[in-house]
Amino acid sequence: MANTAPLLTARGVSKAFFGNPVLRDVSIALLPGRVHALLGENGAGKSTLINMLSGALRPDGGTIEVDGKAVSHMTPPEARQAGIAVVQQELSLTANLSIAENIGLGAYPRRFGLVDYAELASRAREACALVGLHEPLSTPVGELSLGRRQMVEIAKALYRKPRVLILDEPTSSLSATETRILTDLLERLRSEGTAILYISHRLNEVMALCQHVTVLKDGSVTSDQPLEGTDAAGLVRLMVGRDPGDLFPKWQPSPSTAAAVSVRGFSAGLMRDVDLDIRTGEVLGIGGLVGQGQEDLLLGLYGAIPAKAASAMVNGNQALPSGVPKANALGLAYVPADRKREGLHLIHPIITNLMLPAFARLPALKPRNRGNERELAHSLATQLGIKGDLGRAAQALSGGNQQKVALAKWMPHEPLVLLLNDPTRGVDVETKREIYIMLRQLAQAGKAVVLMSSDTPELVHLCDRVAVVREGRVAAMLEHGALSEEAIVAAAVAADKPKVAA
Amino acid sequence: MSVVPSNSGQRTGRLYWSVQAGRNVGVRGLFLVVLAFIVAYGFLFPGLFTMAGFAKFTQSWFPLALVAMAQALLMLTGGISLAIGATVSLGAVIAATTMVGPLGVAGGSALVAATGLGIGAITGFIVVKLRLPAIVVTLAGSFIIGGAALLILPRPGGAMPEWLSDLLAGNTPAAFLLLVVVVLLWKLYLATPLGLSLYAAGENPVGAYRSGVPVDAARIAAYALSGLLSTGAGLFVAAQTGSGDPVIGAAFTLNSIAAAVLGGIGFLGGQGTMRGALAGSLLLSLMISVMFFLGFTPVAQYVAQGLIIIGAVALPQFRKVQR
Amino acid sequence: AEAAANCIKGDRKAPYTIGWANIYSVPTWMKQTQGTLEAQIEDLKKQGLVDKLVITDAQGDANVQIQQIQSMIDSDVDAIILIAGSSTAPARVLADACAKGIAIINFDSLVDTDQVTAKVNTDSAQWGEQAAKFLVEQMGGKGNILVLNGPAGVSVSDDRRKGATPVLEANPNVKILAETNTAYNVAPAQEAVTSLLFANPEIDGILSLGGALSAGAVLALDKQGRTQVPITGENARQFLELWKEKDLKGWATMQPNWLGAFATWLSVQALEGKDVPAFVKIPLPVIDNANIGDYLARAADFPADGYIYSPYDQALFEKILAGK
Amino acid sequence: MTVLGSRPFLTLLVVAAVWIVASFATRGFGAFGHLRYLVELAAVIGLVAAGQTFVVIAGGIDLSVAAIVTVAAVGLPLVSSSADPTGLSAILLVLTMTTAIGLVNGLGVAYLRVHPMIMTLAMATFLQGLLIIIAGGSAVSLQNPLVGWLGNARPLGIPAGVVLWIALAAIVLFVMHATPFGARIFAIGANPRAAELSGVPVPATTIAIYGVSGLTAGLAGVLVLGMNGQGYVGIGDPYLLASIAAVVLGGTSILGGLGTYAGTIPGSILLVTITALITVVNASPGWRSILFGSLILGLLLLSGREAARR
């Protein structure tokens, strides 16, 4: 296996955006039958590298080789011809097209020049079956939750029957169950001889799945070696260049049990008739399969979607907030999962993004103090490790750094209840650690933190209690002592066994 | 889950038609409003259901339907055109100055079509390749195209072959049949990879490009087709009126946008369906006749028109919020 | 009644339903015109000749107007009074109306067709000709002029300009420095003339061919501190008031608003079997320095942004119809 | 972004270049009086475009500005009363009315969730109906001293309309770039959902923006009434496309979220300048129209690149 010739190679490639070098002299070789991990901190250049491997970007220097032959000016269609398929980090889907039309996009089967819907249906169904997508193929993708869309994106890559499959953080919005489906699938594809490049910030997945690792740091390869004999701590060491601490801070029981938020008979969106207490000083986890109504729970409490409750108490107020400004006034803050669509103003400078909650609260016509704004933004950036010029547009940040901005903007307002929707999605391991420490500190300081997450380990290690949501209800409330990945998954799928087995 | 092998035609039917059915969801309310107007119209003017009555009504609707499609096509790709009206005028004057001349109907039609495709392709090239905002490019374009129409016919005039006028705008539903053909052609186009790419190119161009969609080509093609539809509408107007008028199309610019947006086409690209745009144009057209038969005074016409347009857009929104 | 006029079949009986197919009812000129038309209808109703008036407003869109005329045919009106949005576009739908025996009286903006009962209008060519003659005379046959036209691509403005051409060609010493096309409104004319004044400092006359263009020109000269020059125009109240105020050498004619009343009256005459000629030429009333006082004396009866039209009555209509 | 590389500055450079070239090429163009007149004309567009800039930055568009200008110009004589010798009360009344019209636009956009283009187009249609009722209603052309002053006076040689424009521009630039309200507008335009989730009162802000657009269009109506001595139906028509073009030529993204009134100002002047240039060119109407369109297109190439987004 190790002797087979590489299918896709980057040789000494470099790339700069507007004069800022992002990749310097990077080489990587993808071999058939091998899962190759690409690791690096946020902004290290991983997505940029795969964009060049797949023809979406052209390297400034160096060459891309397919089957050992250098290809100049490869375009995405040519990459597809060459059997290269990519699961993009920022999804490439179109909300108004159906699942099947999205899966076939750019590679439709034709008959007489027309899209052959019969062929498309059968091939798309095949791809969907591989990833466990059961929704009707005609469903518009816009109606799917983020996690399901991620599965469509994966199915889209599989549909192209790739020889080289590149996955850019495919599991970042997937729950444990779905991740399991994916890892099994990748294992099978590998055994069938597919070359796989796998990017993830979830190191346990990398450990379980990959045979080889390339580590990028600040745009350069710092190591390129087999994974055998390396443990997770070793991986982190490769990435950050020093000994890592524990990923999760030591858990301490919370000092208080006063309820910050208490709702009875709460309904919003998919959530039906839920009773829930959120206590000060705790990190309350929200788990479950993707798309069971967890997000509606947060949004309903936040006043962002219509919600009602038989009785409600929110930080002393005897009613649910009527809207977001009211929720903010009551000390609630919300960090959305889809940072691109809901969390950030991508075309605006980072500093403006950081200041937006302040702008929303200040008297409308009070003159702004740009000096103070800059100072505050810089301290936030330092606190969360957002590097570089804050005057750049947020879209120039890597995914993980964008997530940090979405979180950081609430910090100056010291929210009493922090509603977090998958806050570590796509965040590198060091930053995750910082965020975890921060969340525990917030809890320690008497804030209530609600952590909705698809990353089961963080629910287990970080939370005081975890509410597992299934079909719009809290199916189980697990206390810290009873927390384990198995327990959460079991509660999440209890009623769903047949479906998952399919 | 396994792939159930089954009859290929049936499978086509299933996916294609259920995708199609899914696209009705957003425009059902509009379809109901349109239906109500048709019923009201038929009730007020039973002659609508005679051959001639139907023919005449569809003739008034036809050019608006074409320009609504022309506009919707662009808006689906995230574009827009303020030059539709001028392009209609240009199509009309070209038709009215060539068809009775040596070029004849075939030559004239070819010239009209080539002009539309050409103007559209150039506009598309400027917008897509030079990355200029479509709204101003086409605003400038409207002056250039309108100027060209004035050069060809400085004042209303020209002529169309009598038989062509009678064929297209006589007492037969030729216009309606033509519309059916255009819609079928559109469905065919939308079933080509390039056509289906419109949605992706409009909504998520980066993702579409990375998926191997020829985004630029899809957008430029949309502009070209949009130009073709516009000059085609001009040709029809010339036939309908038996002559050319260099400013006849002016009102079509805003009306095409109104029809498209009424039909649920979004401005950000990739949102909405052509059937919605067509229904929107039909509503605008029906409204004129229905208000006449209800005996509205001009003041009432303006007020009612505003209310109907807002109502047709706001009602579905309300229903969405209620849910 | 015996069918005598074009399109009339003689099978329609009083009281009649009259359709008024307006192209755009918002501008003041249109509103005034509609006022005379409605007054006439009231009159005809009293005589038992008319029982209903239906009004459409095409909002400036010639295509919509065609649809509305079609609706009038569908609802079987007895007469259609029309100001056309295009000089060619409605021809075919009018032919249909004519074939159904509907009396069609087309006034102001005319359609190039003979499938109407009658067209009623002042003579646009004569308008241009007389205006040009006045100006040439005032300037002693030589000097520099600006020509202000109505919108491009519209027949009326083109016809008036064509009417002026022979006069100007016959006087080669009258030089056209510049020419514009704008909507028949004050603001665009003022803007255009101001720019032209800077580019062409020596101007001896302004040939303005209708609407409120002249008021804009006078304002432009005034604001730039220039001496006023001989100018032609139409009976816009603002222009007439400026004329008096600035003591201009002026000449104006008009498209009388009572054309609306006359067209309505004429349609009923036709339906009643009277012989109606295919073209009824309305003599151009002339306003000059001699009679401007008479017009301004009645100014208060007219809207400030409106047109002061010449007086009219039934006798005048009879006289016009008789061709005198 | 440095000032020198910024779009507003680029647009300003284009204006300067066009003025210099035109002054050499066309007699009288460069005269002080002429340039002053151009700026005075641009003031009307600039006022309308002030509200339009707010609306466009917020991701909307206001197609009712032309009708609002007309309603203000035609309606003002109707509400003028001889009891107020200054004429100020009538102006305030009219501005209140046009602001209210704008607020109704905003209500429709924010609460009925009607697309701005449709809402404001429908509003323009309503206003046409209103104009049929009010137009030509005043038999007496009432002279309003303040309006006349605005349209004709030149304190210190500067046209009063330009003074008004400068004052308004200062306020607009302040509100846009130096207040939280301004920041909220940009946020709503760039990503309304994210703005809402960040606590921005999206509906209230939207309503306010359209109110502002109604107000500035009303101001423009008052000014244009003063400059022409008489309001009439159609007086506002030229300002619809002109206001949009000025906004976009000035570098504000029609997609919302990016832009500045500092670009709209030279954008307005640029439009007026091109129109004036075309007027003095001797050519047939067709060629003039072609020339006008080509000039806009050419200038757009110089200054109008839409920044890549997403």
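Note that the chains are named A, B, C and D in the order they appear, and that numbering of residues resets to 1 at the start of each chain.
FYI, a contact is a pair of C-beta atoms (placed from the backbone, for glycine too) under 8 Å apart; a residue touches a chain by one contact, two chains touch by 3 or more.
Chain identities (UniProt): A = Sugar ABC transporter ATP-binding protein; B = Autoinducer 2 import system permease protein LsrD; D = ABC transporter permease.
These numbers were taken from a predicted model, which means no experiment stands behind them.
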Chain of greatest Cα-centre distance to chain C: A
Averaged-CA centre spacing for the pair chain B and chain A, given as whole angstrom: 41
Between chain A and chain C, centroid-to-centroid distance (C-alpha), Å: 70
Interchain centroid distance [CA atoms averaged], chain C/chain D, Å: 33
Approximate Å spacing (C-alpha centroids) for the pair chain A, chain D: 44
Set of chain D residues in contact with two or more other chains: 128, 132, 285-286, 288-289, 310
Residue list for chain B, restricted to those that touch at least two other chains: 149-150, 154, 206, 298, 301-302, 321
Residues of chain A touching at least two other chains: none
Complete list of chain pairs which touch one another: A-B, A-D, B-C, B-D, C-D
List of chain D residues in touch with chain A within their complex: 174-175, 178-181, 183-184, 186-187, 190-191, 193-201, 257-258, 307, 309-310
Partner chain B, residues of chain A touching it in the complex: 51, 54, 56, 75-77, 79-80, 86, 88, 90-98, 100-101, 105-108, 110, 113-122, 125-126, 128-129, 134, 136-140, 156, 306, 502
Sites on chain D touched by chain B in the complex: 63, 108, 112-115, 117-119, 121-123, 125-126, 128-129, 132-133, 241, 244-245, 248-249, 253-255, 284-294, 296-297, 300-301, 304-306, 308, 310
Chain C-touching residues of chain D, taken from the complex the two chains share: 26-29, 31, 33-34, 37, 41, 74, 77, 128, 131-132, 135-142, 152, 224, 227-235, 237-238, 275-276, 279-280, 282, 285-286, 288-289
Residues of chain C touching chain B in the complex: 22, 25, 54-57, 59-64, 66-68, 70-72, 74-75, 86-92, 112, 151-155, 158
